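Letters are used for the chains, namely A, B, C and D, taken in the order the chains are written, and counting of residues starts over at 1 for each.
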Amino acid sequence: MGQLTLIVVLPLLGFLLNGLAGDRLGKGFVSAVGCGLPAVSFLLTVKCFLDLAAGGDAPLVETAYTWAAVGDSAFAVSFWFDRLAAVMTLIVTGVGTLIHVYSIGYMHADRSYARYFAYLNLFLFFMLLLVLGKSLLVLFVGWEGVGLASYLLIGFWFEDMDKARAGKKAFIANRIGDAGFLLGMFVLYSALGTLEMDRINAAFSASPLPAVSASLIGVLLFVGATGKSAQIPLYVWLPDAMAGPTPVSALIHAATMVTAGVYMVARLAPVYVHAPEASQLVAFVGALTAIFAATIAIAQTDIKKVLAYSTVSQLGFMFVALGVGAYGVAVFHVYTHAFFKACLFLGAGSVIHALSGEQDIRKMGGLARKIPVTFVTFLVATAAIAGIPPLAGFFSKDEILWFAFASGRGGSTLLWLVMSATALLTAFYMFRLLWLTFFGRSRMDPEVEHHVHESPLSMTAVLAVLALLSAVGGFLSIPHFLEPQLPLPAVPEALARYQTPLVAVAVAIGLAGLAAAAFVYGGTGERARRLAQRFAGVHRVLYDKYYVDELYDAVLARPLLWVSEKVFLGLGDRKLLDGTLNGMAALASRGAGLLGRVQIGSLQFYAFLVLAATVAVILWSWRHV
Amino acid sequence: MDKTQVLLALAVALFALGMIGVVVRRNVLVMLMCMELMLNGVNLSLVTFAHQAASNVGAVLVFLVFVVAAAEIAIAIPIVLLLVRSKRTLDLASYSDLKG
Amino acid sequence: MIERLLANLDTLLLYLFAACAFVSAALMIVLAQPMRVALALISTMVFLGGIYGLLGVHFIAAFQVLIYVGAVMVFMVYAIMLLDVRDPAYQRRYSRYLVPGILAGVAFFAALAWGLAREFADVAEGGPAAGGAFGIQQFAAAFLNEYWLHFELTSVLLVAAVVAALAVINVSRRDRG
Amino acid sequence: MSDAALLNVVLWLPVAGMLAIAALPKGADDAVRWLAFAVMVAQLLATAALYGRFDPAVAGLQFETRVPWIPDWGVHYQIGLDGYNVLLVMLTAFLGPLVVAGAFSAIRQDVKLFHAMVFLIQFAMLGTFVAQDLFVFYVFWETMLIPMFVIIGVWGGERRIYATLKFVLYTAFGSILMLAAVIYLVWALYQASGEVSFAFADLYRVALPVDVQALLLAAFALSFAIKVPMVPLHTWLPDAHVEAPTAGSVILAGVLLKMGTYGFMKLGFPLFPEATRLAIPLVMALSVVSIVYGACLALVQTDIKKIIAYSSISHLGYVMLGLASLDLLGIQGAVIQMVSHGLTAAGLFLMVGMIYERCHTRDLAAYGGLAKALPVYSVFFMILTLASVGLPTTSGFTGEFLVLAGAFRSSWLAFQAGGSGFNLAMASLAVAGVVLGALYMLWFAQRFLFGAAKVPHAPVPDLNLREKLVLAAIVAAVFALGLYPAPAMEKTELAAKEYQRLVAGAPAAKQARAEGSAR
C-alpha cells in the first residue's frame, strides 16, 4: 500500500477499531487510536510533502484499485498529490489532529466517547478521499462521505429531536447541492469521456477546447459547492449544524468540510478559467452570501451561531476570490480561515465548557480574567478574522479585497465596496462577540459563575497552537506557493498603483470595526440597547435571519408534502388508480349479479335459452354462409 | 320436393318437436322421452345422408347413437327414481335448487 | 295407374310412414299421460324403422326396433308404471314456457327448413349409388376394420353406464339403510 | 459433477427440500426449520461455486442444459447461466438462507407448509432466471404466483385477502396478455423459418414489422411493468408488502420485483428492438415518474412497510431508466441496482420484521429513539438506510451512479447530435430524484431511531446472534458491491453489450437479423 493510500486509510482503520471495539476497550485505547492514527496520517503527509518538493513538483500519483470498468472507460480509485492537494491535506490532517486532541478533554465525560471518535475518524477518511482523489468520482465519494459524517456528528446527541433534525437538514441541503454536482459530473463525463481531473484540466488547458460549455459545467458543479460550502441559497443548514459537539463545528463546519467547495473549484480552475459566466455567478453568490450572513451575525446571541454565520460569510469571501480568478488566494483564505476559525470555535467550546453548557452571550461577560488562556487565544483569532495586521487573516483577506477590486477577470469597484463593507461588519460583530463574552460585567447565573473554570491542558494547548498559527500563518504566502499551478489573474496596469492605498483602507476597516464594537458594547451596554430599540424592525429581521427558514418551509417543504399527500396519495393512488381498480371490480361483480338473475335453476328455461340461441346462430349463419 | 328433402324435413321436425317437448312439458319422464325423440330425429338425418352419399359412415354413427341412448336411459331412469323418492314428484319445476 | 302406383310403392309408403311418424311425434307433446306419450314415441320409432327399411338399411331398421323399442322404451314403460299416478305433474301438462317454447321450436324448424329448401333445391336427386345400400357384412367389416376404436369406445361407454347405474342404486340403498 | 449438472442441482434442490420437508412428521417444527436452512445453505454453496466458475470472457450461455421436453411444439427444457442472470441467481440463492433464518421465530403456524412454499417460490424464481426457453420461462413465471399467493394469504396481516386478490389479479392480467404475445411470436417464427421453437436465441431472430412489434412489446411490457412495478401499475405492491409476512416481503422485494426488470432486459426489449427504440422516451418518462412519485409517496406514509414498499418503486425506476438508456454504463448500473435493491430492501424488510416481532406494530408514530434502546439494531438500520439512499461506498451508490451517468450520457450525446432534449430532461430529473430519496429515508430514520426513546413494548431486547448474523451477511454484501463492484460487473459486461447490440441495433446485429429471417 502506497503512502498516499495509507494517509487515507489510517483514519478509516481508526473508525473501524473504535466503532467495532471502542466501547469494550476503554477510553485510553479510543483516545490513542482516535488521535494517533490521524497524527500518523499528518506525519505521512509531511513526508509526502517533502517528497513532492524533492521530486521537483511532479505530482505523486497512486492507484489503489479499479472500482469499476465499463466498456472502454474505467473508474479507478487513485490519489493525486500536487501542491494544492498538499496544502489541503496538511490543513485537514494537521488541524484535524489538533481538534482530535482537543476532543479528548472536551468529550471526556460523554457516554458515547468511542462513537464520537469513530465518527471523527470517519470524517477524516472521507475528507482525505475528497482532497486526494484524482478522479471526480473519488472526490464525489469523499464529498458525500463528509456529508454523512457531518450528518452523524450534528445529530450526535440524537435523543434531542432538534439535533437529529438539524443533521437531517444538513444532509438534505447537501444532497440538493450534490444533485447539481452529479449533473456537472455527468456533463463532463459525457463530453470528455473521463472523470480524471488531471485529464479534464488538461483538456481545458489545451486548444481547441472541448466542445462543451464550460460555464454549464461550472454552474452545475458550483451548485454542489453551494450545498457543501453553505452559500446562498443552500446555506441554511450550517447555522443549525451547530447542534453538534463544538469540536465538530470547528473541524467540519469551519476548518475543513465547508471549504470543500472552494477546493473543488480551485482544483478545476482550468474549467472555470474558460467559464466567465459561471465565474461571475460564483463571485456574485459569494459576495451576496458574505454580506448577507455578516448582517445576520450582528444580531445573533448564540456564541456558536455568530461563529457559524461568520463562517458562511468568510466562505463567501473565498468564493469571491474564486469568482475573480484568484484561485490561489481563495486557498490562502481557506488556509488562514482554518486556523483562526478553528481557534474561535474551540475557544467558544472552551467557554461553553467553562460555563457548563451555556451558549447565550447575553448570559456571559467578564470572563477574560476567569479563563485567561481561552481569552488570549480567542482575542488573537478575533483580531485575525477582523483583518488586523499582521495576523493571518489580514493577509488573505487583503488579497481577496485587492483582487475583487483589480482582477482582470471580473474584479470591479462595486465588488470591492461590498466586500469591504462585509469586512467592516465582520470586524464589528467579531469584536461584539469578544466584548459581550469576555469584557464588561458578568451576566452569568450565580450557579454557573461559581463553577467557571479554565479548560484542561489538552484543550488549552491546542488553543495555543492554533492561536499561534493564526498569528503567524499569514507570512507563508500560499498564493505564491501555488502560483505554478494556479496562476493569479492579471491586473490591469492602470489599477496597479491602487494596491498600497487599498491595504491601508483594509487596515482602517478592521480597526473601524473594532472601534465601533467597543463604542457600542463597551461600558454598560446601554448604547447597544438603545440602538436595538431604535432599529427594532431591522433588528427583528436580522435576529430572525431574514425568515429564510420559514420561507423555505412555506415554499418548498409544505408544498412538497401537500402534493405528495393530497395529490399523489389521495388523488393519484387512492382515487385514480385504486379507484379505477375498485370500480372495475364493482362493475364485474354487478354484471355478475345481473347475469346471475338468469340462473333461476329451471332446467327448462335453460333448454329454452339453448333453443333460442341455436335459432339465432342458425339464422346468423344463413345470412353469412 | 324429393325424397331426401322430405326425410330431412322430417328429421328436423322430429328434432324440433323433441326440443319443444323438453321445454314445454312438466313431467320429467316425458322430457326424457322427448330427448329420445330428438335422438331419433338426428338418427334419421344421418341415415338419410348416408343413403344419399351411399356411405356407411352414417350407419356407424347411428349405431353409436343407439348405444349412447341406451346408456343415457340406463342412468337417467335411476336418477329420476331417486329424485322422485326425495321430493315425491316428477314435476321438474320443484327441482330448481341450483339458483344463481 | 295401379302399375304406376305399384312402381312407386316404395316412395308412397315412405311418405306415409313419414306422415305417421310426424303425427305420432306431435302427439307426444299433446298427450297428458306419460304412458300414452311412451306409446306415441314407440309408434314414431316403429315408423322410423319402417323408413330405414325402405331406404335399404335393414339392419338399422332392425336395431331401431330391437334396441329402441325393445330395450329403451320397455325400460321407460317400467319406470312409468313404477311411479305414482297421483303425482300433480300428471295433471298439469305444461310448464311456464309453453308459448315461447313452441314459438322457438317452430322458428327453429322454419330456420332449418328454409335453409334446407335453399341449399338443397339445386341438388338433384343423386339417388343411391347402384342399389345403394350395403348389407350387414359391409357394415360389420367397416366397423371392425376402420372404426374399431369407436366400437371399443361404445363398450367403454356401456360399462361406464352400468357402473354409474350401480352406483346410483347403491346410493339409494345406503339411504334406505 | 459437471457444471451444467450442478446448475440443475441448484435449480431442483428446493424441490428436493420441499419433498424432504413433506416427509418430516407433523409438529417437528424445529427440524423443519433447520432442514430448510441446511438445504438453502447447500444451494447457496452450490450457486457460489457456479458463480466462481462462471467465465466472464465467454459470451452467451454457460453450463447449458438442453433436452427436448415437448418435441411436437419444439419446447426444450433449456437452462443456463449468462451475464443477464448470473448475478440475479446469486442474489436469489443468497437471500434464500436469510429468508429462512429470518422466519425462525416469526412463523409459528403451519411451519411445514410455509417452508414448502418458500422452497417452491425459490424454485420458481431460479427457474425463471435460468430458463432459456420461452415456454419454460412462462411456466416458471406463472408458478411464482402460487406460493406467493399462499404466503401472503395464509400468514399475512388483517387485510391479506384484499392484498392477495389485488396481487394475483394484477399479475395474472399481465400474464395472459404475455401468453398471447408469446404464442403470436412463436407462430411468427414458424411462418418465417418453418421451425417451431421457443428458444430465446431463435426468437431473437424473428423479424417483425414495427407495428406488430409495438403491439407485442406492449403485451410483454404490461406484464413486466406490473411486476416491476412501474407507476401507474404499482398499487398492488404497497398492499402486498404491508400484508405479507416478513419472509414474503423479503422475497417480494428482494427477488420477485426483479423479475419484471429482468424480463424487460432479457425478453421485452431485445425481442422487439425497433418498437423499443420508439418507446424509449416513454419508458424513460415512466421511469422518472416512478422515481419521483414513489419517493413522494414514501414521504407521506405512516406505515413502516409502506415506506419501504414505495421506496422500492422509486428504486426500480432507476433500473428501468438504466435499461432504457441503452448505454453500457446505464445497463451495467441497472443490473447492479437490481442486486443492490434486492439486498437493501430485503434487509430493511427483515429489520422491520424484527422490530414487529418485538413490538407488534408497524405504525411509525409508535416508535422513536430506538438508537438508544436498540443500538445494534440501529447501526444496521442506519447502514441499510444509507445504502438505500445511495450513499457512496454502498451498493446503492454504485447502481444509482452508473444508471444516472449512463442515462445522462446517452441522452446528452443524442441531444448534441441534434435529437430532442426530452430524454435529457428526463435524465436530469432523475438526478433530482436522488434528493427525494434522501428526504424520505432520512425522515424515516429520524423518526424511527432518533429523538426521545419511545417503544410500544418496553423493554425491548436488542438483536440476538441469529439476527445479527443475517444482517451482517447483507451488510457485507452491500459494502462489497459498493466498494469493489468490478468483479461482479465483469461477469455481466458481455451480456450488457449483447443487450445493447440487440436493442440499439448495431449494423452487425441488423445483418445477423436479416440472415436469421432469411433462413
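As a working rule, a contact is a pair of C-beta atoms (placed from the backbone, for glycine too) under 8 Å apart; a residue touches a chain by one contact, two chains touch by 3 or more.
These numbers come from a predicted model, not from an experiment.
Trainee: Computing the C-alpha centre of each chain, which chain sits at the greatest distance from chain C?
Mentor: In terms of C-alpha centroids, the chain at the greatest distance from chain C is A.
Trainee: Counting only Cα atoms for the centres, state how far chain A is from chain D in Å.
Mentor: Averaging C-alpha atoms per chain gives centres 37 Å apart.
Trainee: CA centre of chain B versus CA centre of chain D: separation in Å?
Mentor: Their C-alpha centroids are separated by 59 Å.
Trainee: Which integer distance in Å separates the CA centroid of chain B from that of chain C?
Mentor: Between these chains, centre-to-centre, one finds 7 Å.
Trainee: State, to the nearest whole Å, the distance from the C-alpha centre of chain A to the C-alpha centre of chain C.
Mentor: Each chain's C-alpha centroid was found; their separation is 99 Å.
Trainee: Going by the touch rule set out above, which residues of chain D reach two or more other chains?
Mentor: Nothing qualifies.
Trainee: For chain A, what residues touch not just one other chain but two or more?
Mentor: If we look for residues of chain A contacting two or more partner chains, we find 604, 608, 611.
Trainee: Pull out every residue in chain B that's touching 2 or more other chains.
Mentor: Touching at least two other chains: 19, 23-24, 92-93.
Trainee: What's the complete list of touching chain pairs for this entry?
Mentor: Those chain pairs satisfying the definition are A-B, A-C, A-D, B-C.
Trainee: Considering only the defined contacts, which chain A positions touch chain D in the complex?
Mentor: Going through chain A, the ones touching chain D are 65-71, 73, 137, 140-141, 144-145, 148, 151, 155, 158-161, 164-165, 167-168, 171-172, 175-176, 178-179, 182-183, 185-187, 189-191, 211, 560-561, 563-565, 568-569, 572-573, 576-578, 581.
Trainee: With touch defined as at the start, can you tell me which chain B residues reach chain C in the complex?
Mentor: Listed in rising order, the residues of chain B that touch chain C are 2-10, 12-21, 23-30, 32-34, 36-37, 40, 43-44, 47-48, 50-54, 56, 59-60, 62-64, 66-75, 77-82, 84-85, 88-93.
Trainee: Looking at the complex, which residues from chain C come into contact with chain A?
Mentor: Touch residues, chain C against chain A: 95-97, 100-101, 104-105, 107-108, 111-112, 114-115, 118.
Trainee: Give every residue of chain A touching chain C within the complex, in rising order.
Mentor: 604-605, 608, 611-612, 614-615, 618-619, 622
Trainee: In the complex, go through chain D and note every residue touching chain A.
Mentor: 166, 232, 234-235, 293, 296-297, 299-300, 328-329, 332, 369, 371-372, 386, 391-393, 397-398, 401-402, 404-405, 408-409, 412-413, 416, 427-428, 431-432, 434-435, 438-439, 442-443, 446, 449-453, 483-486, 489-490, 493, 497
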